[in-house]
Amino acid sequence: MLLYILKRILYVLPVAIGVSIVCFLLVHITPGDPLTAVLPVDATLELQQQMRALYGFDKPLPVQYGLWIWRVVQGDLGASIATGRPVTSEVFNAVKNSLALAAAATLIGFVAGAGLGILAGYFRGGWVDRIASFVSVLGVSVPHYWLGMVLVIIFSVQLGWLPATGGGPQGSASRSWDWDYLRFLVLPAVTMSVIPMGIIARTVKALVGEILNQEFVHALAAKGLTERGVFRHVIKNAAPTAFAVMGLQLGYLLGGSILIETVFSWPGTGFLLNAAIFQRDLPLLQGSILVLALFFVFLNLTVDILQAAIDPRVQRA
Amino acid sequence: MSLSAAIGQTPSPSPVVDAAVVRSPGYWTGVLRRLSRDPVAMTALVVIVLLLLMAIFAPYIAPADPSKGSMLRRLKPIGFPGYPLGADELGRDMLSRLIHGGRLSLLMGVTPVPIAFVIGSLLGITAGYVGGLTNTLIMRTVDVFYAFPSVLLAVALSGALGAGLTNALVSLTLVFVPPIARVAESVTTQVRGLDYIDAARASGAKAGSIIRVHVLGNVLGPIFVYATSLVSVSMILASGLSFLGLGVRPPEPEWGLMLNTLRTAIYTQPMVAALPGVMIFITSIAFNMVSDGLRSAMDVKS
Amino acid sequence: MTEAVAIENLSVTFTGGSKPVRAVDGVSLSLGQGEVLALLGESGSGKSVTLRSLLRLHPPKRSRMTGSIRVAGRDVLELSPGELADFRGGVVSMIFQEPMLALDPVYTVGAQITEAIRRHEKISAADARKRALALFERVRIPSPDRRLDAYPHEMSGGMRQRAMIALALACRPSVLLADEPTTALDATVQIQILLLLRELQRELGLSIIFVTHDIGVAVEIADRIAVMYAGRVVESGSVRDVIRGPRHPYTRGLLASRVERAQKGDRLETIPGSPPDLTALPPGCAFAPRCSLAAPQCREIVPPLAEVGPAHTAACIRVAETV
Amino acid sequence: MIIGEPAHLPDGPDRGGPAQPLLSVRDLVKHFPVKGKGLFGKGAVVRAVDGVSFDIRKGETLGVVGESGCGKSTTARLLMHLIKADSGEMVFDGEKVGADLDLTAYRRQVQMVFQDSYASLNPRLTIEESIAYGPQVHGVSAAKARAKAHDLLARVGLEPGRFAGRYPHELSGGQRQRINIARALALEPRLVILDEAVSALDKSVEAQVLNLLQDLKDEFGLTYVFISHDLNVVKFIVDRVMVMYLGKVAEIGEGPAVFGAPRHPYTAALLASMPKMDPDARSAEAPLTGDPPNPINPPSGCRFHTRCALAEPVCSVQEPPLAAMEGLQEAACLMALPGSGHSRAPAPVEAAA
Amino acid sequence: QGTLRIGMTASDIPLTTGQTDNGGEGQRFLGYTAYDALVNWDMSSATKPSDLVPGLAASWAVDATDKTKWTFKLRDGVKFHDGSAFTADAVVWNLDKLLVKESPQFDPRQSAQGRSRIPAVASYKAIDPLTLEIVTKTPDATLPYQLAWIMMSSPANWEKQGKSWDAVAKAPSGTGPWKIVNFVPRERVELVPNPDYWDKPRVPKLDKMVLIPLPEANARVAALRSGQVDWIEAPAPDAVASLKQAGFSIVTNAYPHNWTWHLSRVEGSPWNDIKVRKAANLAVDREGLKELLSGMMIPAEGFFPPGHQWFGSPKFKLKHDVAEAKKLMAEAGYGPGKPLKTKILISASGSGQMQPLPMNEFVQQNLAEVGIQIDFEVVEWNTLINIWRAGAKHESSRGATGMNYTYFIQDPFTGFVRHLQCNLAPPAGTNWGSYCDPEMDKLFDQVRNTFEPKEQTAILQKIHEKYVDDALFLMVTHDVNPRAMSTKVKGFVQAQNWFQDFSPITMTK
C-alpha cells in the first residue's frame, strides 16, 4: 500500500509540473508584451524593474519558468496588480470559501444523485427509472448559472426566505457554522449541486445496472439472500466508484465555481478569477488557476489512493 | 470423402465469383435503425434539427431585426402585441433575438466538439496504436490539460487570450481535446489488443493500412458517441463564457450574453429574462438525449 | 429410490428481447435421492436454463415458466418470495462455472460463507466462521484460516472453485446444482474438483445435477445422463446405457464424433450443420434438419420421450432403427 | 498450389528439402513486466516463455499442450512475431528470421488462427473483406483478392454467395472459425499456427473443423503448430507433441511415444488427469494436487518439483535440461538425465565419442 | 445608532490606505469617511451645489505678490485615529507619499491615484507645525479644488505597521469621522464612529457602517430586497419601479457628473474629423436612453449639465437628428457601403458608470444607424481607469479610439483642464486622447490666472462653448446618482456631490 501511494505520487509529479508550465505560459499567451500584462498601467520604473526581475522577462523562457517555479514552491505567487496584496493569501482565503461551497454542493449532489441512481438502477425499466433518469439528465443539461438566477428570483426575491448574495452576514472571514451563515450557503450550494447530482445519478444507475447483471448477483440469490440482502452487496460494490466520482466532482466544482460564484457574489476562487480576468490581473489569474489545478491534481491522487484503500479489487501493488 | 461432404455444407460446384453476394446491412445501418426506434432520442433529434434550421434560416424566420431596438418598447412581457416573446432591455424583439442568437450559440457550442474530435482522435489513436514512448509523450501532455477542471481551463484560456468569439472557440476546443484523446487512446489500446488486429499484423500489413481498415472503423464509433455527449457540456460552457463576458461581445445576439444583459431585468420581466436560459437548457437536453440514444443504439447487446 | 427432484414438462420462455426465446421446451426430468445426473448438450441447448429454473433464478419480469418442479415434495414454482429465499441455499444450492464472477469481489470469501450460514440459521458470527473454517478444511483448501480472509481475486482458479463449493454446501442442502463447474479449470485441477464432488456427494448423500458439454466429465461424475438438444431432453438413461448404447441419433452422432475414439489420421464422423436458432425452432423434431435418419414426419411432430430400455428413454420416431 | 491464380503470390522457396526443419526455434525468451509492480528500475516479470527450443518439421503437425498460463499462446505470438522476443532466434527453412528473411516475407509464409473466433474478425468488415485483406496487403488487386476470398470460402465449406457479404456476428462459432482458417490460408502460407483453434467450439462442430483442417493440410501441404489443452484432440491430430510447463518445454517427441510412454512426470500426470470415457473405470485419485504455480515466481530448480510425487531434494536445486532419449523423445526431467543425482536417474553413460 | 450596510458598485474594497482607488466611489466611502483633506467639500445641503469648506486647513491664502505661493493654516488639535497629532510635517509626508518616489513612504498605488489630482503643486514645506506653504508651478486659482482630493493618512501608523502599506491597509488610520475596522478583502469593511472627530456635528450617529462590494447591479437589488443590505448604490434602473413598489425609497439628485465617450485624437483616429464627431453626437437618441434608464438621467446638452453656471450658449445643439448625422458622415467620406469601424473601451460596471453595458449597447445601436460600427472591448473599471491614465497611445488601450468614461466635473480642473490641456497628455496627465489645441490651452491659462470669480466664469463659459461646438466628446448624459435604501435609513441628505456625508444617518429598528 505504501509503495502504491509512493508510486501514485511519483506518477502525479510530472502532471503537476506540466500544470505549472501551462499556468506559467498563460502570461505568455496573452496578447502583447508579457510585461504589460503583469504590470499596472501606471507602473513605476521601480515596479517594472521589480516585476521584470520577478518574472525574468529578459531571460530565456525555461530560465524564467525556473525562477518562477522556485518562488511558487516557496509559496510566493507574486502580488496582485489590482490590490498589491500577495496572491497566495488572496487565493487561499478564497479557496477556503470555495471549498465550503463545493463541499456542500458535492454532499447535496451525492446524496440526491446516489438516491436517484439507486432508485433508477433498482427499478430498471419502470417509471421510477424513467423519472429518476430524466431528472439526472436535467441535472447535467441545465445551465446552472441560469438556474441560480431562477432560484434567486424565487427564493430570495419572491419569497424572501434566503439571502441572494454574499458569503455571510459578517463576511466569510468570521464564518461560523450556524444558520446565520448556512443560510447564505443554501442557494449557491443547491444550484451547484445539480451537476454532480446528475452525474452521480447516472454513474450510480449504470453501476447498479452493471452489477445487477453480474453473475454473483444470481449467486447471492441462489444462496438465499433476499432482495434487500442482495442490494447490500450491490451498494457495497458500487460504493468505491461512486465515491471516487464524488471526489472528482468536488474538484470540478472547485475549479468550475466561477459562474455560480459570480451569480451569487460568493467570495471564493471563482469570484476572484472573475475579478482577475476583468482587471487583467495576470499574477492573480495565474496564481489562482495554478492553485486550483494543483488542488484538482492532488484531489485526484487522494481519490485514487482512497479508492485503492477501500476497494479490494484494485491492485495495490 | 470429398471436402464439402466432410464439412457438411453444400458449396456451389464451382467457386461463384461476385454476382450473387448478398451484403448484410452494415453496423451503422443497424445503429440508425435502432436509433430511429427510440422515441425520446428521435424527438430530441427533431428538436436539434429544428434549432439548426432556425439558426441557418434566422434572417428569413425572425419576424424582426434582432438589433433594432426601441426604447418605448423595452422589457415588454411575453405576448405583448408585436412581440410574441416580449422585448429585451433595449426594446429588441426577443423572439428574433432568440432565433438569431441560435446562430452564435450553436456555433460556439457545437463547433469546438467536432474540431476537438478530429484533433483528439488523431492524438488518441496515434498514442493508442503506436504505444510506447509516443503514447507516453502524447498522453502525459494530454493528462496535463486533463488535470484542469474544464470550466477552469476554458475560463483561464479565454481569460488570458481575452474575450472574443475566436478566442472562446479556441479555448473550448482546447478544453475538449484532452478528454476525447483519452477516450480515443483507451478505445484504441483496447482494440489494438484484439486478435483481429494481430491477425492483420500477421498478414504483414503496415501500420497505416491497419489503422485505416481495422482500427478507425472500430474506434471512431465509441469516440463519436463520447464526443456527442460533450456537445451539451460545450453548449453550457460556451454560453457560460459569454455570460461571464468572455465570449461573444455585444450587440451580437447570443443566448449566454443575452442572459447576462437581461439579468438586470429579472425583477421586472423574470419570464423574458429567463428565456435565453431556457433555449440553452433545451439545446443542452436535446443533445444529451440524442447522445444517450446513440449510446444505447450502438450497444449491440440491446 | 425416492425422488429428490421431479421436473414435469418444464418450459421457459424469455420475453425480454424482440422475439421470445423458448430456451427450455417441455423438459421432464427426475433425480433420485443421492443420485448424480449429468445434463449433457451443446452450447445453447438449455442446460443452464433448466438448472437455474430449479432455483427460479430467471428474471421474473422477462421470463415465463410453465410446468412443475418439485423438490423434496414442494413445488418450486409455487413458493412465496419468503419461502423461495429459505429454499435457495437451504434445500438446493448451486455452483457456478466461473467462481471469479460468481463470488462478490468486494467481500472476503469467509464473509460470503458466513453470510449464507447466518441467513439460514440463527447462529453467532463466531460460530458461523467456525463452520466456514470446517467447510474450507472439508474442501481441502490449504491454510484455510488465512484463506477465509482472502478476497476472491487473491485466490487461484482451483481454490476459488473449492471455496464456491464450500459456500454451496454451507447450509447443508440436499440438492446441489453444478453448472459446468470445471470447464474453466485446467485438466489437472478439473479432475481434483470432480473427485472432490464425488466424495462429498457420497459422504453427504447429496443429489447433484451436473451440467456439462464434456462427455468425459459426465462419465466421470454421473450416475445418469440426460442429453439435451434445442431446449428438449432427447435421451436419458444410466451412464452406461447412454454411452454404450445411445439411441437418439443426436447422441449417437455426438459420441461418434469423439476424437477419443478415433485413430490418428482417421476422418472423424460428424453431425452436419449447426444447432438451430431458438427464436425460430422448426416444427417437429429440432434435430431433423441435421439428422441422417430424418423422415418427413420428423419435421411435423415433436417426438415424445419413449422408453427404449429399463430407465432409458429417447425422443425419436425412428428409435427402432438406432439399435 | 491450387487456390486462386498462383501467379499472384510467389511461393516461398523450399530450400533445404524435407530434411531441414521448416522452423527452428532456439532459446526463445519472453518476460512480461508485471503492471503495477516495482517503483524504480526493473520490477517483477512474468516468465511467460523462458528459454524454449524446438524444431518444426516440414509437413508435420506439432502439438503444444500444457496448462493455462504455461506460455503456449505467448510462444505462438513469438513465432508469429506479433510480440518481440527478449532473446532467442528463429530460423525459417534455413534463413534467419529478421536477418536473412524480412518480416513481411516471413509473415506471408506463417499464419495464425486464434482461439476466439469472434475477436479475431473485424466486426466492421464483411467476411469477404476480411479474407481479401491479406492478399491486398501483399499487392494483389482488389478484384483478384475478392475472387480468391470467394474461392477460399468455398474451400472451407461456406457458400460464397450466401456468406461473403455477412458480418461476423451473423455467423455461428464454427462458421467463424472457418473464416479464420480461410483468412490464414489466403496468403498461401507454409506454416499455420492454430492457437486453441477448436477449443471454443462445440464437440459436434469441433469434429467438423478438425476434419477440415486435416483436408486442407493434405491439399496444400501445410505444416501446423497445433496448440490445445485438450489432450484427446492433440493425440488425435498431431504427429509430434511438445508439453510445456511454466514457460519451459517439459517434454517433446513423437505423439504415440509421448502419449504411450511419457518420460516426464508432468506429462504422465496430465494424461492421467483426462476424464476417462469408461463409466466402469473412473479416476480414483487425482494425479496431481494443487494449482499450477505463479509464473511470476516460478519454483527453483525443476519448476514442477512442487507438485511432483517423485521429487527429491535435488529437483529443487538443479534445473533439468532437455535430455534426448531414444525415439527422438526429449524430456526435461532429472530422472531422464543420466547422472543427475536423482535416485531414479539412469546411471551416467560414458560419452561414446 | 444602528448599523447601516451599504452595497457598493465596486468589485473590491477600495484602497483603505488614504488615497483610494475605484474612482469617486472609493473616495466617497473610504476617502472622506476615514480621512480628511486640507480642503473639504460641504456636503450638508441637498438643494444647492456643494462648495469647498475648510478641512484640515482652517484657512488659506495666496501670496498677494507671488501668485504661486500659498499659505495654509492648519487646524489645531487634530489627532489621527492612532492618537498621533496631525501637523504640517504630516502633510508634507503625505504629499511625499504621492509625489516623491525616493521617499520611504512612497506608495505607487496611492501615488497612481493622487498624483494627477494635484498637477499644480511644484513644492511644499512646513513653515511651522501648523503652517504649510505650497508653491505652484504657475499661478493657479484652482489649487484648493485640487487639494480637496488629497487624503491625509497617519505617518505614525505607517511606522507602527512596519512601514508596510499592505499592513496599513488592514489597520489604517486617518483623521476622518469614521474609523476603519474589520477589513475583509473583496468582501466587506466596517467603519465605526470616531468620537473624537474635530468637527463635532459630524461625529457619526450610527454604531457602525458596513460596506460590501456588489458589482452586479442585480446582486445589489437582490441583496437589498432580501434585507442583506440597507442601501445600494446605483440600482438597476429596471428594478427601480419594483423597488419603489416594494417600499424602498429611491433617492436621486443632480451632481457634477457626465457620461461620455472620451474620443482619441491621436494620429489616425477617425474622431479627428469634426464631421464624424458631430455626426456621432447627433446620432444618439438621448430621450430613448432616458427611457432605458427609467428616467434616471439628464440628457446631455453639453459637457456640463444644462443650467450650470459655466454652460454658456454653445451653437451646436445636441439633438437627435439621424438625417443630419448621415449627411455629415457622407461628407466625411463614409456611407452605407463604407461604414466607419472602430473600437471603444467600456467597463462592465464602475463608479458613476451607471449601466454601462446596456447604455453602451444602446449608443452602439444609434451609431450603427448612421454608419459608425463600434466594437467594444469590455474591461474592469479599475483597468479602465488605468488605461485612461495610460492614454490612447499606450499599448494597454489596444488600439481603441475612444473610451466610455464618467467624469467628475466639479471644478475647472476636473471639469475642463485635465481632459484637454496639451501638456497633460499621458503620462503627464489624463488628457487620454492627446488632444492639443493652442487656442484651448490659452483659455486654460486665462482661467488659472484669473482669481476674480466673475471673470473666471466668463472664460469657463467660453471653454464650454468650445467643448460643445467642436463636439470634442461624445456627450451622452448626466447621472442623477440614484440610490435605493430601506425606509429604516433616516437622516440622509443627498448632496449635489460625488461624495456624501454619512454622519447624520440613523437607522430605525
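Letters A, B, C, D and E mark the chains in the order given here, with residues in each chain numbered from 1 onward.
What we mean here is this: a residue touches a chain if its C-beta (ideal position, glycine included) is under 8 Å from a C-beta of that chain, and two chains touch if they have at least 3 such contacts.
These are the chains along with the protein names UniProt gives them: A, B = ABC transporter permease; C = ABC transporter ATP-binding protein; D = Glutathione import ATP-binding protein GsiA.
Nothing here was measured: the structure is a model prediction, and the numbers come from that model.
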Subunit B to subunit E, fewest steps along touching chains: 1
Farthest chain (mean CA position) relative to subunit D: E
Subunit A-subunit E separation of Cα centroids, rounded to whole Å: 40
Averaged-CA centre spacing for the pair subunit D and subunit A, given as whole angstrom: 53
Separation of subunit D from subunit E, taking each centre as the mean of its C-alpha atoms, in whole Å: 89
Gap in Å, rounded to a whole number, between the CA centres of subunit D and subunit C: 33
Residues of subunit A touching at least two other chains: 152, 157, 262, 278
For subunit D, residues that touch 2 or more chains besides their own: 208, 211
Multi-partner residues of subunit C (at least 2 other chains): 267, 270-272
Complex contact set, residues of subunit E against subunit B: 216-218, 221, 236-239, 241-243, 285, 287-292, 348, 355, 357-358, 360-362, 364-365, 368, 375-378
In the complex, subunit C residues that touch subunit A: 52, 55, 57, 61, 81-82, 85-90, 93-94, 96, 98, 101-108, 115-116, 119-120, 151, 153, 167-168, 170-171
Contact footprint of subunit D on subunit B as seen in their complex: 3-4, 6-12, 15-24, 26-27, 194-196, 198-206, 209, 213-214, 217-218, 300
Complex contacts: residues of subunit A adjacent to subunit E: 32-33, 36, 40-44, 46-47, 82-86, 90, 93-94, 152, 156-157, 160, 162-167, 169-173, 262-265, 267, 271-272, 275, 278-280
Residues of subunit D that touch subunit B when the two form their complex: 77, 80, 82, 103-104, 107-108, 110-112, 114, 116, 119-126, 128, 130, 133-134, 137-138, 146-147, 150-151, 154-162, 164-167, 169-170, 178, 180, 183, 186-187, 208, 211-212, 215, 219
